[in-house]
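Look for chain A in each of the two complexes below; its partner is chain B in the first and chain C in the second.
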Partner chain A sequence: MNDNDLVRRSVAALRARLLVVAPSVGVAAGRANQLAVGPLLEALADAVAGSSTPSRVWLLATAVAAGYPTVAEVTAVTRGLELAAPGVRGGAVLSGVAVTASQVRSSVVSIELVSDPLVDVDFCATHAHNTGIQRVVRSTVPKWSGAHVLAAWSPDGTGYRRLTPSQESLVTAWHSGARAEPADTNAEPLLVPVDGAILLPEVPALEYIARLASIARFSGNRVGLIGYDAIPVVSADTVSDDESDRFAHYLEVVKHANVVSCISETTADEFRSLNSSFEAQGIRGPSVLALPLPEQPVGGQRAAEHAAPVAVPLVLMVGSLEPRKNQLGVLSASRILWERGAEFELQFIGGGSAWFIAQFDREVDAVRRLGYPVSVRRGVSDSDLAAAYRAATVFVFPSLQEGYGLPIVEALATGTPVITSNYGSMAEIAQGGGCLSVDPRDDDAIADAIERLLVDPVLRESLIAEAAARQGLTWAEYAGSLWRQFMEPVA
Partner chain B sequence: MSPQISAIPDFDKAVDAREALAALQSQRVEEWVALVRFGDVIPLSVENSLSWKLTRPVRLAQTAVKVLRRDGITRFWATVRARLRRLVGRS
Partner chain C sequence: MSEDLGTGIRGVVAALLPGKAADRERERHRLRLEHSMPLPTAEAAWLMLAVLGRRLPTSEEVERAYRFGRFNGTRALVRSIAMERLRHPSRWFDAKVSVLRSAVLLDVHDSIDTHLLTGVQRLARGIAESWIPRGATLIGWSPGRTQLRVADPRALQAAKKKRRMARRGVVPWQGHYVLAEVVTEPERSVRTQALAQYAQSRTMLVGADIIPLTTAETTGPRMPGVFAKYLAAAARMSVVAAISSTAAAEYAGWRGMLRSAGIGGPEIVNVPIAETAGIASPDARAEAERLLLAADDEGTLPLVLSVGSHEPRKNHGAVLAAAELLWREGLRFNLVFIGGNAWSSDEFRMRLAALSSAGRPIQSLSGASDAILWWAYRLARLTVFPSVNEGFGLPVVESLHSGTPVVTSRFGSMEDIARGGGCVLVDPHDDRDVAAGIRSLLLDDALHDRLAAEAVARPLRSWGAYAGDLWRILVG
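Let's look at the complex of A and B:
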């Protein structure tokens, strides 16, 4: 196929996209169908210029570009339409969205208008990774009974596409050992939300944020997201520069969203304080609600019985390896105890970034060379993780900061007593019972708490009883409440 | 065409002008599609973006020096590996 043929097909595809959106921007389908592509674009541009509605500008810009325009592009089109005379307004739209149009890889993209909520599960659909946020998404989204469409970004990054069967399986039927398969969906229909909603249960990648911010600001669709934490900006020293950069830009979506459902009261307080900073920009910010995560053991089934006591007690810590989680504090506290003569095995489960794994492994090796029993496991399956929770005498999680602390409730749901931090979301969880709270920056305090649980069976049994009496949500209940928070009108 | 309408002197010219305008409008769309699809002309904003990309190696070198000084060689290589992985994932 030569360039002329491709242009002809591209123009035909553009006309077809304009016909799809014509009724939504105020041009009757009957009239639109009679027009060639140039006059059709002019008719739509005139209709949009006459209404001055941001959602119509966004929709027309999306149809012309075959991808979601950025905030700068929608603003350029809006200003261009205001200044251009009737009959030449189409040029304002064309020049305004040229950048996004040039980034669309396929020449023949069609569009599909979607009024059901679009659920962005891009990361879960394209990665097999399954910690924190992915566990929440994969445990929640498949349980939503309301009509919705799962979506992932096209590889060219210009818009949402329906999931391929393999992507859908990775979201709704993930299992240990699952693999992500690359999918070229550039030529699939672009999903265009109209009078609907965009739900963001994940934190989007940096490259999609400019387009999402534009959707949140202009498209007229309701935007709901899960607020996991504000750690990348309030504790930038504990994450990579890339993470902080991403979150800072993500706030552009947050401030124009309708609802943020936070995974703990602590995180809700953080997002409410962000709202205060948005007020300085004349923006009200989203409605911030709290919905603590469920308390379910890994695999979903509560253990009928905790594992029988073992000769050498197991002290377990689960969580990705990063300085914020404070594995080094636990290692130091354990060394204090071993030097006091305590007998127990320490086990860490969790992967992490290469640079910290190298540092952490060196520290662990140094302790091992002293003859102390410490092990590190990575790439552990869900069934092995569940077994580890059951086998543990004590679960320790003295993280320096968390949005919630999922491993804490997974341990409690398994019937294992927990030592965790005495502030923030972790203290919030501890209030429900089954936990000892400590200052995570005090290694001696961590050591004392572990020792108490190792030598005081009465205390341990009382914490186990408290853990069993906790009344947490199930994933199904959480999913239902989250859907209602996203979809019900905000007061 | 009815005699009354044909009696209006410029009617046919007006029709011709509308058709010519419509043809020009469609031609402009075709030219725009050719530009954005095949890049015969780079839009100004893309040109700006390209000029930013040309300065990127300098910015990358500055970032590398900053990371090396602040975090040491281990984290530096970890950062390089992470960015290369991301680059490969995007291609």
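Let's look at the complex of A and C:
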């Protein structure tokens, strides 16, 4: 293809995109079809300038750029249309979206208007990783029966595309050993939501946030998110600056969204608090709802019977290795007990970032050299994880902060009693039974709780009975409620 | 009231075992510490790390040291802290550190370190002038941000200061500490956090806003991430003195989030910042008129003034767009921006240049002196300040106290100020509404006169009154 061909095809693609959006911005299809690309752009720009409705500005800018414009670009186009004279308004639109247009890697992109909800499953469609958020997405989204379109970002990062078949199976049919395949979808049609909705069950990556914020603020589409936690700002001392940075930018999407469904009452409380902080800038923020996550064991089936009692009790902790999870507190509490003569084995399951693993392994080695039985396992499969939950005498999870605390309910669903923190989402879960609550910042309190469960069979049996009697949602129920929260208008 | 307990083991012993320990021999201090002291508390571990390790520790280091001391004893902890310092040649030359008990420390490091005089420095200076006579100590940080250093009490006044800070480090203990600026260095924030947790002191943060968290899209690169570390330090303070009721509400919202991490968080109090009228010196008038005023065939143009740096949050793009709409209507006025460039101000500069070359009476002054600024407020027909988020909005009150009405945003701290009179409120996200606000003050003389009268009637509040309120809250 030579340069002239490319230009011709690009111009034809632009005209095709403009024709698709023409009726939505107020230019009848019959009239639009008779116009060449230049006059067509002018006609659309005139129509948008006349109404100056933000959603129309956003739509026209999207069609021209072949990607979603940022807030700055929509503002620039709005001002350009306001100030440009009739006849040269098309130029104002073109210059307003120049940055996004230059980032679009395929010049022949077409667009597809979508009025069904677009569900952003970008990370799950492009990564095999499967903890926390991915487990929620993969257990929920495939169960939605309402019409919707699964979407992932184009590799150039300018807009949503439909999933490729392999991306779709990574979301809806994930299995241990599944692998992500790279997909070049830049030239596939851009999905353009019109009078529809964007659902964000994941926390979007930083590079997409400026475009999502613009969608939330201007496009007129309903935006719903799952609120997982505000850890990156509340426990900022335990995460990297980058993580806090990303979360603060994510809040630009949150504050212009319509609804946030939070995975615990505690998280809902966080987002309501954020809303009251947004008032300083004249923004009310989204409706904040709570929908606690389901309680199901790893692998889905509840254990028929608990593993037979073992000679040496096993104290288990599952969770990524990071300061916030407080593995160091558990290690210290265990050492307090071992020094008192208690007999039990301590096991940590979970991977983490290199710097903390190195530090943690040093601490574990130091304790092991004293002759105390402690082990760390990483890269554990779901079936081994389920077996570990069943084998454990006590499950400890005194995290400093959680949005929910999935490992707690996974342990409880297996019939294992749990020691967890006495505040926040973990205390919320503990109220449903089967748990001892402690101050996670007090090693002695953790030690005392472990000791009670090791030496007091009556207490242990009563917690096991409480755990068995818990009434949690199933994933299907959770998925149904989540869909209703996202789609039903909020008072 | 402040008491220097000495350096090294001697200082630690004097702090942890109050009484007669201070004058004993070094070796006897050591013996006493190692043999008669119970297992250290986390606070004691912090103190030992800070004094014997000669670096203010992070909370993580304190926890590790506390656990080490618990399992291995005080003697092993003292030795391990000393060994740790000797193992790293970079730490051999760390200055000695002494324990300051019952001091009132005013941490204004950045203001000591700069020659600028913006709102933050005005605030630091205002507190210092009132607090130093009451016995407070001005402090800053060592170059590596690992030690607190006593600063020269005149460090905020002198135009040129050679030695602003002492060489020896200080560690606060059972005293008072106030942080009166935003810390953008994580190294400093994490150590301040541990200080607030473990120094057994009453600590206060002067809270201007949490904009980098709630309006991250308008802040400079990486700012939200480092600001989060600053907030993590704030979370452990005893009290946040917010500079306005809006800032207090923002901080209250943030504090509500801390519950999920089991952190009680600081008490939030609203201590409104000072409002002073600048002095427009007669000497500067001619220069100000030459710089700021413009004329057309009909005479001198009414001056529309915009004060503030050209960062996105100040919304100067909307001011430019609104002004152009009004010029096209045929309104007569000239527009002057006073303020420096900032991140993402390229677009503002380009559009200002475009309007200027199209013949619009518009200009931008940066680095204007205070004298010119105060004249600008006086010479202006109106000030326009449609910011998208402010902790306070200093230019609004500065203009009002100069008798000049203001067009500003219809929410937050700006709306709060406007309740006191003198303002026209607009939606800063709507260029036409901003234009309507400016138009009304340009064309409607009765409205202008009424708002100007309200503006001059606004009560003043001195820095002394502000600093006195802060002192009562922190010290009692």
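As a working rule, the second predicted complex is superposed on the first by the 491 of 491 C-alpha atoms of A that agree within 3 Å, B and C clash if a C-alpha of one lies under 4 Å from a C-alpha of the other, contacts with A are read in each partner's own complex, and residues count from 1 in each chain.
One rule holds in what follows: a residue touches a chain if its C-beta (ideal position, glycine included) is under 8 Å from a C-beta of that chain, and two chains touch if they have at least 3 such contacts.
Values in this document were obtained by computation on a predicted structure and should not be read as measured data.
Contact with neither chain B nor chain C is seen for A:Ser375 once the two complexes are overlaid on the shared chain.
Residue contacts after overlaying the shared chain place A:Ser276 against chain C, while chain B stays out of touching range. Judged by the touch definition given at the top, the superposed model places A:Ser115 against neither chain B nor chain C.
In the superposition on chain A, the chain among chain B and chain C reaching more residues of chain A is C. Once the two complexes are overlaid on the shared chain, A:Gly424 sits against chain C while remaining clear of chain B. By the touch criterion stated above, A:Asn33 is placed in contact with neither chain B nor chain C. In the overlay built on the shared chain, the residue A:Ser176 is in contact with neither chain B nor chain C. When the two complexes are superposed on chain A, the residues of chain A that touch both chain B and chain C are 72, 240, 242. By the touch criterion given at the top, residues 59-60, 63-64, 67, 70-71, 186, 190, 193, 209-210, 212-217, 222, 224-229, 231-232, 246-247, 249-250, 252-263, 317, 321, 324-325, 347, 388-390, 409-413, 427, 431-432 of chain C touch chain A in their complex.
Across the interface of their complex, chain C is touched by residues 71-72, 75, 78-79, 82-83, 210, 213, 229-237, 240-245, 247-249, 251-252, 255, 266-267, 269-270, 272-282, 323, 328, 332, 335, 339, 400-401, 421-425, 439-441, 443 of chain A.
In the complex of the two chains, the chain B residues touching chain A come out as 21-30, 32-39, 43, 45-46, 49, 71, 74-75, 77-79, 81-82. The touching residues of chain A, when paired with chain B in their complex, are 3, 6-7, 10-11, 14, 35-39, 41-42, 72, 87, 90-91, 94-95, 98-99, 101-102, 107, 240, 242, 353-355, 358-359.
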